[in-house]
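Written below as structure tokens is the structure these notes are about.
Lettered A, B and C in written order, each chain numbered from 1.
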Amino acid sequence: MRLSFIPQEDKFFELFTQAGNNLVKIADALVDLLENWTNIEAKVQLITDLERAGDAVTHEIAALLHKSFVTPFDREDISILAHTLDDVADFVHAAADAMFIYRITRPTERSQELAAVIREAAGEIAKALPLLRRRKDLTKVFASCVELNRLENKADRISRQALGELFEDTKDTAYIIKWREIYEHMEIATDRAEDVANVLEGIALKNA
Amino acid sequence: MRLSFIPQEDKFFELFTQAGNNLVKIADALVDLLENWTNIEAKVQLITDLERAGDAVTHEIAALLHKSFVTPFDREDISILAHTLDDVADFVHAAADAMFIYRITRPTERSQELAAVIREAAGEIAKALPLLRRRKDLTKVFASCVELNRLENKADRISRQALGELFEDTKDTAYIIKWREIYEHMEIATDRAEDVANVLEGIALKNA
Amino acid sequence: MRLSFIPQEDKFFELFTQAGNNLVKIADALVDLLENWTNIEAKVQLITDLERAGDAVTHEIAALLHKSFVTPFDREDISILAHTLDDVADFVHAAADAMFIYRITRPTERSQELAAVIREAAGEIAKALPLLRRRKDLTKVFASCVELNRLENKADRISRQALGELFEDTKDTAYIIKWREIYEHMEIATDRAEDVANVLEGIALKNA
């Protein structure tokens, strides 16, 4: 039985569950930053710390791959899944970090909407990852894939509106350049969440 | 015989042929938008509709993968090919959409040149995809790969000229920011067309 | 013995060694451009020539793949490795090219720092590639992977500082737009160097 309780395999699932939970935490921290715009430096620092915690999990997965003879899925899929989860956290961090670097004075409504979508996507990923543990649950990830696709489309729509408004609302091009970058990072975070969905779909296709 | 007339396999080739034809339509629509700059909203809407039609084909391919026991190529290659074709359409759409969102008042010559290159690349892809159907035709995709590479280089050259001119021609930075984004989307569309070439090359390498 | 002296296999290793050495040359040329800001056009032309030499090696690897029945690693890994090495050179070239296109009048300190990091990353890649030749050396690439990861983080830190300073130092948005693009290309070059590390890691995982 390929997905039985081999302890090493269990460890992979634990690490992916950790990575999913960490993604929820970093998305929560982004929502908090944008909804309660105070103590910016400390909140961005928290996001940076969570992003590093995510990095550590990614490296633990890679290290476990190095020393495992048996893996629950293809080695490459495990590696790509770990890196793609990491990418989501990276772009959330990049968005928060840009707000700090560019000394943004207050969040826009559109950035709050995008943070909410990212939080939804993170929750969906955290819900899907534990499904990898049991072969009979694998096909349930397809529902999360559809939802992550929908969220990416939603983020895309919001960021397009945001960009259009930016040029209409102000002539301050430094402001425009800064917010375009922040919106872009947030939108890419949801793109990467959709990439996670694609990897999950691939794993389910091959193993269900 | 692996590439024989198994109906399910045939369906994959039909869908890829559809995806290729759809790419030609969306590229034609982009050329029409830029060459006949009228009814912008309706023309951008047509491009949006074609992009969604492409999405639907991508999802049909994914659904067919889910339920097929036998596939003409590796499942992952089929999945990546579908997603990369989708990416080309996405960036054509992103370019057209940016022109609409940013209320562009008239196209530049460089954008017309880039649209022509995208149209050529789409035609090349539509020509290459039906070659997947017969094992003996597989190596013929290499010629299309070379051509798609050439077109990507051409698009790169045009967009670099376009960017240089942009800063020389105007001090209006809002205009510069908008056109840089449009050029970037168009250039990435040709990058993704080259990625399609790389996937096709990989499939041919493994199966010819 | 899979990694024995089969001449065709040897040729792969030679080409990868060439690609690595070419990367060092192009990084050296970038450092020279930024540290000795004279004869800009000739120096950018040299970088363009080196990027094309790298392209030629990539195509030689692809051609060798086409005609080889036996390959030292998975065909796809060889193909991805070649393309990722190419990407590093492409972004170095894109950075240098942008300086030329945008008629940059003098380099910034941050761009000099980034060039130094790129040079280090290129050196690390050139050191790691020959390790592919012997199965017993494969696990030694992990040390280079860690180092390439560290360099990517360093480049990220520098480019973030650079971007923050850009908005504080000047109100000239054309200047800001130009340098943001140059910094971005340089930072992506180190991202791609980290991607090279990831491919190398994958090859080592599968073959060590």
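Convention: contacts are C-beta pairs under 8 Å (C-beta built on N, C-alpha and C of every residue); 3 or more make two chains touch, one makes a residue touch a chain.
None of the values given here were measured: they were computed from a predicted structure.
**Student:** Could you check if the interface between copies chain B and chain C is built from the same residues on both sides, meaning over half shared, or from different ones?
**Tutor:** Here the answer is different, because the shared fraction of interface numbers falls below one half.
**Student:** Quick one: superpose chain A on chain C by CA and send over the rotation angle as a multiple of 5°.
**Tutor:** Best-fit rotation on C-alpha atoms: 120 degrees.
**Student:** So the centre of each chain is just the mean of its C-alpha atoms; given that, what is the distance between chain B and chain C in Å?
**Tutor:** That pair's centroid distance is 27 Å.
**Student:** Quick one: which residues in chain B touch 2 or more of the other chains?
**Tutor:** 173, 177
**Student:** Given the complex with chain A, which residues does chain C contribute to the contact?
**Tutor:** 142, 160, 163-164, 167, 171, 173, 176-177, 180, 198, 201-202, 205-206
**Student:** Where on chain C does chain B make contact in their complex?
**Tutor:** 62, 65-66, 75-76, 79, 83, 97-98, 101-103, 173-174, 177-178
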